[in-house]
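Notes to accompany the following structure.
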Amino acid sequence: MLMLEKRPNPSRGWTIATPLLAVLLTMLFGGILFAALGKNPFETIRSIFFDPLFSEFAFYYRPQLLIKGAPLVLIAIGLSFGFRAGVWNIGAEGQYIMGALFGAGVGLAFYPMESWIVFPLMVIAGAVGGTLWAMIPGVLKVKFGTNEILVSLMLVYVAEQLLASMALGAMRNPEGMGFPGSRNLAQYPSAANLEIISGSGMHWGVVAAFIAVIFAYITLSRHIFGFQVRLSGLSPRAAAFAGVNPARLVLVCLGISGALAGLAGMFEVAGPAGQVSIDFNVGYGFTAIIVAFLGRLHPVGILLAGGLMALTYIGGEIAQSNLGLPGAAIQLLQGMLLFFLLAVDVLTNYRIRLRIMEQT
Amino acid sequence: MSLLTIESLTKAYPGVIANRDVSLEIRVGEIHALLGENGAGKSTLVKAIYGLVKPDSGKMFLNGSSFAPPDPRAARAAGVAMVFQHFSLFDALTVAENISLGLENPPPQSEVAASVRRVSEQYGLPLDPDRTVGDLSAGERQRVEIIRCLLQDPKLLIMDEPTSVLTPQEVGILFETLRKLRSEGTSILYISHKLEEIRALCDVATVLRLGQVVGTCDPRLTSARDMAELMVGSALHVPQKTDKPLGQVTLSVKGLTAPAPHQFGTPLKNISFDVQVGEVLGIGGVAGNGQDELVAALSGEMKVAPHMVTLFGKPIGNLNPNARRALGLCAAPEERNGHAAAPDMSLIENALLTGATRKHLTHRGFLQWDKARDFAEAIITAFDVRAPSATSAARSLSGGNLQKFVIGREIMQAPDVLVINQPTWGVDASAAASIRQAILNLATEGAAVIVISQDLDELMEISDKFAALNDGRLSQLRPAAGLTIEDIGLMLGGAHDMEVAHVDA
Amino acid sequence: MDLSAINPILLLASLMVAATPILLAAIGELVVERAGVLNLGVEGMMITGAICGFAVAVGTGSPWLGFMGAALGGALLSLLFGVLTQYLLSNQVATGLALTLFGLGLSALMGQGYIGIKAPAFPDIHIPLLGDIPVIGPIVFQHDPLVYVGLLLTGGVWWFLHKTRGGLILRAVGENHDAAHALGYKVIKVRMLAIAFGGACAGLGGAYLSLVRVPQWTEGMTAGAGWIALAIVVFAGWKPWRLLLGAYLFGGVTVLQLNLQAAGLAIPVEYLSMSPYLATIVVLVIMSAGRAPGSLGRIFHASR
């Protein structure tokens, strides 16, 4: 019989090894799944995990890695603060939408004026939009003790309806011949979030994501705030004893994640997406939850996990077009990855011992 | 006639042998004491008898036939019942529901209530079956457990440290009940480290040390000192108190009143006291009478009106814990794991937890890890904390060592006032002695110390003044020297709502 | 706008139908949470139940078999959560989220061949005598059988929790798992059973959407119903009868906004569509009282 025994100290080796083990298990079971769907498992795995980087068309896919990875990393970094502190914001998708709407709103308001000030104002508006949306669950939790998980999630559906209303109403392109969707911001130079180096995929959102990683790393390892965040998550009572104000911590954590998700939405709407449309959001806010956990809530881990998850998006598209793999299979693969990670995580804090059952 | 015989029982956990070759005999109708320090292996042994732990080797016989209960239900079915020290009641359920859960073939709820009333009268333990357990006092909660056991007509009743939550009067009532049970032929295995109680109550004592039986004696004929040395293995260091004049008032509490912080908490009612430089104030009382709330109001975890707490004349009732630390008020709450310390964090991080302010471990909000490490290592050295290194997780330390670390962390910040809740709870005797000595030294050096404890012997040993906390109210402060156990009992509010048992044995 | 187009009797009758999927999922989650487990994967189990039920019903032509398939599918998926949280001691919040993401992917994959197909009919039953009562009859006694299954389950759960030994043990485990373990109760076994029951109920709720309420299969068709079910458990303070109230309140808002949309109210459709979610938030704010089970969401590991 297998027994679990708590380790006196968490294993450092397994802390690093468990995400890798989870990826390997996901490839293995993903392969079985693909075989069950009638696809060649080896070819499919190769299309998803290797082709975007090493195939002959990799020059096209590599920039995509940055474009898809940046919002994931940006959002996941924000979420990681709250997740560490035990503040469960799972409505980043809504904050992402609101950031995009605020950012696009400012950009469209200035149209067609050309000025260097437009883009920075959009960035600020994006962060403000995400933060405000995240403050709703924050303030309700602090004032009324309302569950932030449920409120932040409900607000995703509300934000989606707002997005639809904007795309069909207030923000609709007056020259769009009645089609839903706003003007294309990518074609409005002062508002466009263009590539900094052409063909590299490197836009301002990517820069922001890297800055966020560095900022988070320093905060968590060197600053008293990061210490308070970790302490609150591990022992809430000890945190109160150490002088952490729990209400303020909830608001700051939600604020950070809202601001970063809002920024991600703003960079997306002004760049890769280009316009406010009904199907603007594609689930980055939810995938970022997987990224945050896969990266073990550690900034560097999140950077790597964001890259991996972006890879599965791009590789999934390749497998979809080349092998006819259903899109849902990729979604399932991503869910599977999180499951395996949670399952093998037990090895970090527990030792598995084999015990032979005695006969009585 | 022998009821339970244990023959060379051994149980090992990774890294420790909890019981080595333990043999024991409990006779019918005797009160058998199991004596030993924390960590001596008492809990493991009774858990084996109660079916919660499976021994690695050894045999047990109950009434002459082989006895190896695979789980507590089997033990209960065989006539073994156990009153736990903690962890065995359900706050949100009623008394009758709690009792019913401990019965093997429970009758309908209404009949359970009737039997509860019957047994509680028979043994002088009043209890209302319809009340919610979370609202009961510690003594009443224990009655729930005892009645739960008695309803099973046990042949062997195991009691794990039953008096730690009782006032002296309640202890007297409990002993009457136990003696009545003995006269009816029930055997009792009585676990304790309080020697005077064992001398007053028990017929036989088995002493455990480091998992082994080191002796058996008749406690009525053996002195407490001899039993203590058997238990500890060496002569105990008794803390030295030096006489010193008391100085100015440092911390002053006036009319401290606060609502209960949570559903099953205790409101504080008009508490007033002063402590002076060089003084140790001992606050006694049964747990759950406002101890946690008082510590929270003093440490700053619970904010009150500013003037209710003043430090050197400055109102601080509304300040947060770090602001109070900066002014010289430090605290050490009761629960080490998860309150005074974060179990999953390293000792360095735990040193930072309260030390950041007074030891200047941050600079413009940035942590100075090297200074935090130095501080942690200084605590480890000065207080003889047994830990592999400062980077070890707090949870890897034994209770006594973590407590030494926690107390040491506060003392090494050289506070003007230190508040400690249960300084030696669950700590072995040698660690307890060194913690008490450290408290006395701190007072000698000019700090005022408030010690809250359920252990009256401890308070008498180190306090200059004594007060009792009962139902959120604090008694008058009285000089500790010359207080008798009866005086203290009266200060503690007597036996609460308990009538003196009329035992018709 | 023509408010007279709204027939109050039909409105109240459809309220019961709109409340049923939420009620089914919520009553299961209530049992899970009373056992001390927080399973945030209700949405994932619901949508998996929706496609399992739909596939089985289409395959066999029997809606009843479909509902059984849905319950089985939901229960199987929930056991995944059970193994992770109870045996591998993973964080319940994270695992619940993972279950939802996984369930959404799994259902989308399973449902590929079922888009655009119609479900076999699941006719309403007209309860004799009671169904003929004017006004009350059409509102309460002329629905499909699952509406009554939901009501029976609610009553049954109340009876189980408060009148049976098993219910007492389940509550004890949820209130204080260490104490329950010390008394010899099998904490993990009780919780696994509760989790499976919760999964089966969520599956039923999902299948009610795909087989009765819509009735066809579309990806992501639960649209947050699982989350609303979770919210209603909090609203109800973990009490079965108040759950009924919460589900009907929510059903009322949903039906009303749909009717207002149909009546052509001068508010954009999007704002009406967001009203059920906003109503849920408002309800959570007003009703965050009620005491959660003592061990809710905590990891149980029987050490020494």
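A, B and C label the chains in the order they appear, each numbered from 1.
FYI, a contact is a pair of C-beta atoms (placed from the backbone, for glycine too) under 8 Å apart; a residue touches a chain by one contact, two chains touch by 3 or more.
None of the values given here were measured: they were computed from a predicted structure.
Enquirer: Please identify the chain with the largest separation between its CA centroid and the CA centroid of chain A.
Expert: So the farthest one, by centre of C-alpha atoms, is B.
Enquirer: If you tally contacting C-beta pairs, which comes out ahead, B-C or A-B? Let me know.
Expert: Per the contact counts, A-B leads.
Enquirer: Using mean CA coordinates as chain centres, what's the gap between chain A and chain C in Å?
Expert: Each chain reduced to its C-alpha mean, chain A and chain C end up 28 Å apart.
Enquirer: For chain A and chain B, let me know how many angstrom lie between their CA-based centres, rounded off.
Expert: The computed centroid separation for chain A versus chain B comes out at 47 Å.
Enquirer: With chain centres defined as C-alpha means, what is the inter-centre distance between chain B and chain C in Å?
Expert: 45
Enquirer: Note which residues of chain B are touching chain A in the complex, please.
Expert: Chain B residues touching chain A: 14, 54, 68, 70, 299-301, 320-323, 325, 331, 333, 335, 338-345, 349, 352-354, 356-357, 362, 365-367, 369, 392-393, 395-396.
Enquirer: What part of chain A is in contact with chain C in the complex they form?
Expert: Contact set of chain A toward chain C: 4, 6, 88, 90, 136, 140, 144-147, 149-151, 153-158, 161-162, 164-165, 168-169, 286, 289-290, 293, 326-336, 338-339, 342-343, 345-346, 349-350.
Enquirer: Considering only the defined contacts, which chain C positions touch chain A in the complex?
Expert: 40, 80, 84, 88-91, 93-95, 97-98, 101-106, 108-109, 112, 219, 223-224, 227-228, 230-231, 234, 268, 270-271, 273-274, 277-278, 280-281, 284-285, 288, 301, 303
Enquirer: Can you tell me which positions in chain B touch chain C when the two form their complex?
Expert: Against chain C, the touching part of chain B is residues 13, 44, 47, 51-53, 71-73, 76, 84, 87-93, 97, 100-102, 106, 263.
Enquirer: List the residues on chain A that touch chain B in their complex, please.
Expert: Contacts found on chain A: 5, 8-10, 222-225, 227, 230-231, 234-235, 237-243, 245, 353, 358, 360.
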